[in-house]
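The chains carry the letters A, B, C and D, assigned in the order they are written, with residues numbered from 1 in each.
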Amino acid sequence: MSAASFLARLLGREPRAIERPVEKLVALCDALLAESGEYASAALVADALAAYRALDERCRAQFFDALATRYSPSPEIVAAAAAAYQAEPSPAHLERLQEATEPARQELFRRLNMAPGGTAVLVGMRQELLKKLKQNPGWRAIDFDLKHLLRSWFNRGFLRLERIDWRTSAIVLEKLIQYEAVHAVQGWRDLRRRLEADRRCFAFFHPQLPDEPIIFIEVALTRGMSSQVQPLLDVDSPVSPPQNADCAMFYSITNCQEGLRGISFGNLLIKQVAEALKSEFPHLRRFATLSPIPGFRRWLEQNAEAALMAPLEDPAWHMGEIPPHLEKQLIRLCAFYLLNAKQGQEPLDAVARFHLGNGAALERLNWLGDASEQGMARSAGIMVNYVYWLTEVEKNHVAYFREHRIAASPSVAKLARECPLSQAAEKGAA
Amino acid sequence: MSAASFLARLLGREPRAIERPVEKLVALCDALLAESGEYASAALVADALAAYRALDERCRAQFFDALATRYSPSPEIVAAAAAAYQAEPSPAHLERLQEATEPARQELFRRLNMAPGGTAVLVGMRQELLKKLKQNPGWRAIDFDLKHLLRSWFNRGFLRLERIDWRTSAIVLEKLIQYEAVHAVQGWRDLRRRLEADRRCFAFFHPQLPDEPIIFIEVALTRGMSSQVQPLLDVDSPVSPPQNADCAMFYSITNCQEGLRGISFGNLLIKQVAEALKSEFPHLRRFATLSPIPGFRRWLEQNAEAALMAPLEDPAWHMGEIPPHLEKQLIRLCAFYLLNAKQGQEPLDAVARFHLGNGAALERLNWLGDASEQGMARSAGIMVNYVYWLTEVEKNHVAYFREHRIAASPSVAKLARECPLSQAAEKGAA
Amino acid sequence: MSAASFLARLLGREPRAIERPVEKLVALCDALLAESGEYASAALVADALAAYRALDERCRAQFFDALATRYSPSPEIVAAAAAAYQAEPSPAHLERLQEATEPARQELFRRLNMAPGGTAVLVGMRQELLKKLKQNPGWRAIDFDLKHLLRSWFNRGFLRLERIDWRTSAIVLEKLIQYEAVHAVQGWRDLRRRLEADRRCFAFFHPQLPDEPIIFIEVALTRGMSSQVQPLLDVDSPVSPPQNADCAMFYSITNCQEGLRGISFGNLLIKQVAEALKSEFPHLRRFATLSPIPGFRRWLEQNAEAALMAPLEDPAWHMGEIPPHLEKQLIRLCAFYLLNAKQGQEPLDAVARFHLGNGAALERLNWLGDASEQGMARSAGIMVNYVYWLTEVEKNHVAYFREHRIAASPSVAKLARECPLSQAAEKGAA
Amino acid sequence: MSAASFLARLLGREPRAIERPVEKLVALCDALLAESGEYASAALVADALAAYRALDERCRAQFFDALATRYSPSPEIVAAAAAAYQAEPSPAHLERLQEATEPARQELFRRLNMAPGGTAVLVGMRQELLKKLKQNPGWRAIDFDLKHLLRSWFNRGFLRLERIDWRTSAIVLEKLIQYEAVHAVQGWRDLRRRLEADRRCFAFFHPQLPDEPIIFIEVALTRGMSSQVQPLLDVDSPVSPPQNADCAMFYSITNCQEGLRGISFGNLLIKQVAEALKSEFPHLRRFATLSPIPGFRRWLEQNAEAALMAPLEDPAWHMGEIPPHLEKQLIRLCAFYLLNAKQGQEPLDAVARFHLGNGAALERLNWLGDASEQGMARSAGIMVNYVYWLTEVEKNHVAYFREHRIAASPSVAKLARECPLSQAAEKGAA
């Protein structure tokens, strides 16, 4: 096979013509890989990072092509090493095999990570890569290598939990405003309210990205479990004394780094935050979320009767009087959706997958819990409380993964059973 | 091939019988690997680390056997993945190949690294492994995996340089006393002298090992380049005003973590320390070492004439009057040794390889530079100054690696040429 | 003299009737003073601080009356101690005299200062006192004692200089927005521009008021000395690379704590900031202010001819074309004002007194340097550059205080001489 | 009165001739006082501090003479101000009076305190002064002023409590070794034992003396109340798990700064440490001391029968068998001493005064609690436990100061009553 056709196969298309700045960067990368590891020149790394940063979007695409094609392992050498290992699975053969299969890209990325700022560049590189991965399936190998390394470097053991409050630096607070993905922050005043005495906010940080939150969570300390999110978001709501609270409501959790997609921290964050809160407020009795049900409305449109859906076509349907029958039906359908709609063996709803997989229990559905435009569009306005019962989290987590069982309160389970779809299914089964 | 004989091949001997605590630990490791990565239980990791810590030496050997045999890739699956990749080197095949060849051990170690203290356990594990690697060649695969991961986690970008002085915590200072490998520290008073105003000490630290220096270097600020180490080590020597110094003498550099053997930090440390010193004392004109020549005496015994060596058999030969001829010959031989004795294309002397590879120049030999017992035994008392000329470091480094050329001062080069071995070689060549 | 008439004399009026909460607080203060100092109860201090904080404005006035009347030294005991000291000025008599004359208030304030938050309460107390001092001349003794103690506690040696930037905590940044007294900050965006790479901001902090700046200064790094303040305040102005700057322009300096009025930090702040800047940017050639001339317009109205002043009555006089004659005359009058208008032997202008007393030199007048409403109203739009020539600051300072000499550039001196008032004065003298 | 005889009266003797360096320093002090406070030159302060530091012992004595004589208030001005105040006690007259009576020395010290290191110099100055105060009664006025200011600057509110452990910097730990005044530390190994997991050590620090502990306390966490100090001091004693402890034994408390003599921190330290320990170990049931009785043996010699004292003349009397009668009598006498021997209305024993004044209760006497040479010489080997019952501390403290009542356990009270001296007293009373 000719080199050109080999590259074409790797990329799934003809490689792009390479411009001058990309050529220079590739030459720097080659020089970096040629160094003996121990002495790899800090100057060379810094030059390569600077050259990469200076590339425009088109040149970066060319550079990704080069990364995808130049630094993959040789099929022939791999095959020979695999055969030797098959003939005799000795440590020496295993070592040779691992060396043969590891793309040189990985070593390149490791060396780029040595310089100050290297980690940030690599996280940013993956973010860009992911944006255009669909159109460039040949880049998947780069993504695989970057994700592999980033998973290792962003090992949970390297993260530190920090409380975010009004004493936090503006450079970090500004990023919270910018990143918040669940309930957008309306400027500094809104942020300040979210950091008052009856709120808590925590984030994970990594030593190499000191001013960049990796993931953060917002908590409201309340009496009783919140059923509606708008009061929590009201900038002018009065601040309640936190010592009277008996619930910690997790009302927003945001992954900040698109470049770390698929490397998960939320599970650990929730557990560490629950512990930190428990130790600050020993009288807290419940750790619960007030969560959206992002896939409900879409599922509804495919599964509910047309007659039920008709009134919902008016975007203001919830403003006026709502027929009790409609509310009852929607709530039952929502319970059914959360408990029975599946993707493989897990719930179809992404947020449900996350919290139930973490060991939370599905506790309560809240009619008109989020009456914002987005809340109506995604969840027909319904919100759900997942509760983290600290003593049952482990048990629920195991049951979820081993037996695909969902922990749900009796009342939610009952709603689901009352749903016509449920009764139809039973009849079908009978 | 039967499972037993397969294991025997992997280990290079029959596997040991496994005792109860090891069985339990292996079960924990299996459970940990069975988890979905995103949710891997912190409790499970903590249990596994505790179980490992509790093992005695015999049980640890059994556990290493298990690590070597249980978590290696399947030769059959590897062979299939290699064949597919050879047939079509697509990203998907490459991904499958990498997944097939990565030992499950690596994922196990990554998960163990998630808990607080995990990194320290893994560094300690490798230290123990290395101690008995010769007798257990089957463990090499474990070492390969641990080193691979530790290199990634101890990436230079993650290290921070810290100055060590009398304001440093006792927990760290105590470790300096314990670890110093070049010129042993005689208790707190000795250490204190080494941290006075005319000295500097720097170490690298890693965020996961906050109280553990990774590598440290001791520097004396002097007028003129030091030729003897004993005055530098004299606890009662007067402290000179550092602003009068024109030389920074690097007189000791110690790698602290046996478990990180083969992962090199010295090169970077010297360069960062030189920069830090230059910025604190802009008038410093020379950054030089006062180094041992650890392999000289051994080489001498194999290469010098018996007549020359005879007087050296008396351990006190250097105490009385030394015949000028003897001094002259030893110095010439030493220059020859450093410039011409080779291991492959690099110098035979390990310290020379390190500094010359870093880009230093061989500047001066010092007769009776280290008259301690150890200094006489290893280097016949001679010490060498390597100089780091900041503007030539890069050039020297490149010349060393590309052309195997050693930067040496004219006077050292002359001494080497005057050595009889050198003249013999030339005659031989003629 | 009856007690009542004595109190009336102390206060300069009848004392107010005292309400219940004030009675309780006074009782706490008495109990606190009754304690032996070594054991003064932390609980008592905390109770007294809480009781004070809970008082409303009217009660506070009653409490100030009590402070003014209850805790002053006894005239009889003072007289006896003074007589004894006059008869024999021994250490014992001096000690007795000092004890007799120190108001018990001082010890009370010292004890209130022992508890966490005590310093902040006392600074706040003086702020309130000062607001109503004119109407309550009897409170002057309290102010004297508070100022005496605060001067001691806010000793310069206890202050630490901190750089303020976008990494500073929001709690401090918010206070900058609130306190800035020279050129008001228009929200977070404006503040952020003032903390960009071509700006510097520094503040003094005291260990007992960790989140409270005491005084802060804003600096712009510029090429050439700024002549107009509006471009510096423009939120949308481009950020220039600071390494190209040759001037540090001090364009705003704000005392934050009204309760520390009369305790001066500005002199030290400017000098420490100049040193910090010089060490960060060794190529800076000039440290200068761009200052308002707050008393000029008022002085002008009293001293300039009516004909000159007539056009200025139109608030928009500077918007259209300005007759060259008017500009020339105003500039000359301003130079004359700064150099010759006096309050005692010092300049009449408060900002001039501050910078010239610090050792700065009057360098340049800037026509329409501040065209804001406030700038026109106070300074007829003119601004002045004072320059801190680091090598002449000490000399200027001494000349200013010993000989009342003002360091001024030849061009400003010439403008002053050209002023008609100056020529009139000379004629008068002739 | 002539100036010379006036000075002689102030000093209580002829003033010393003044040498050149002292003259220079006095001139610097005069210049410093001549400055307007706001602008007091940092350079002048630094010069004066350096000049003082450079003085030898003889010159310092001359400087102290100058301080005592030059900077005292004028008797005439004081008398006039006192008369005016007596005639009309207005705020203005009070202000003038306070200004007239404050020695210029105080302002001098305040200005010296402005520069970095000033506080340390002043603390050191008072330390030197105190050493020779007896021979130089004329210096008492200096001491009075220094103490007055230091009390203000070392206000408790400015101190921060810090835990001392093996993570503390060597520069601080070294000072603990040097300062420990109750049970001397035998080098680093001994110190390390005192900082192990079953011990706690806390110190107060002041922001201006960052590396200098002001006072520190050593605590052992034990099961049951310790009765003997030697086991606590044993370097080779095993470390017990702190979570099993039910007592916190305060076995040593040391004031570090001789220059702060008479400014008390111990009371606050004990209370803050008790709170910190209670929060770390909620199951601690008792906070007690194991204290020496430093005045007992001296008192014994004056108050006990000769027959009883005779055996004690042998320094090794406690090594052999001790007659039960002797032990019983000594213990009773000790109880009597602690409860009944007085200095004014407080206990004669200094340590008893401190702990009982703080609100502790006299709980138990321990025969041979300190069998060291010093323990035998001062306390006849007996030690005492004072207990801080957290709920009764305030009550005991009040009873001690108001009613001179000592809180003692029934058993100690009984021992005191059984003492022959007690019975003699009763008989006398009857």
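Criterion: a contact is a pair of C-beta atoms (placed from the backbone, for glycine too) under 8 Å apart; a residue touches a chain by one contact, two chains touch by 3 or more.
All values reported here derive from a predicted model rather than from experimental measurement.
Q: By label order, what chains touch chain A and chain B together?
A: Expected: no chain.
Q: Measuring centre to centre, with centres taken as mean CA positions, what chain is farthest from chain C?
A: Between chain C and every other chain, the largest centroid distance is to B.
Q: Take the average of all CA coordinates in chain A, do the same for chain C, and state the distance between these two points in whole angstrom.
A: Computed from C-alpha means, the inter-chain centre distance equals 52 Å.
Q: On a C-alpha centroid basis, what's the spacing between chain B and chain C, in Å?
A: Centre-to-centre distance between chain B and chain C: 60 Å.
Q: Would you kindly tell me how far, in whole Å, the mean C-alpha position of chain D lies from that of chain C?
A: Distance between chain centres: 40 Å.
Q: Going by the contact rule already set, what residues in chain D reach two or more other chains?
A: none
Q: Write out all the pairs of touching chains, ordered by chain label.
A: Pairs of chains that touch one another: A-B, A-C, B-D, C-D.
Q: Spell out the residues on chain A that touch chain C in their complex, using ranges where they run on.
A: Going through chain A, the ones touching chain C are 166-171, 173-174, 187-188, 192, 211.
Q: Which residues of chain D touch chain C once you look at their complex with the stated criterion?
A: Touching chain C: residues 6, 9-10, 12, 35-39, 41-43, 68, 72-73, 75-76, 78-79, 81-83, 85-86, 88-92, 94-95, 97-98, 101-103, 110, 113-116, 118-119, 137-141, 144, 148-149, 151-153, 155-158, 207-208, 264, 267-268, 271, 357-358, 394, 397, 401 of chain D.
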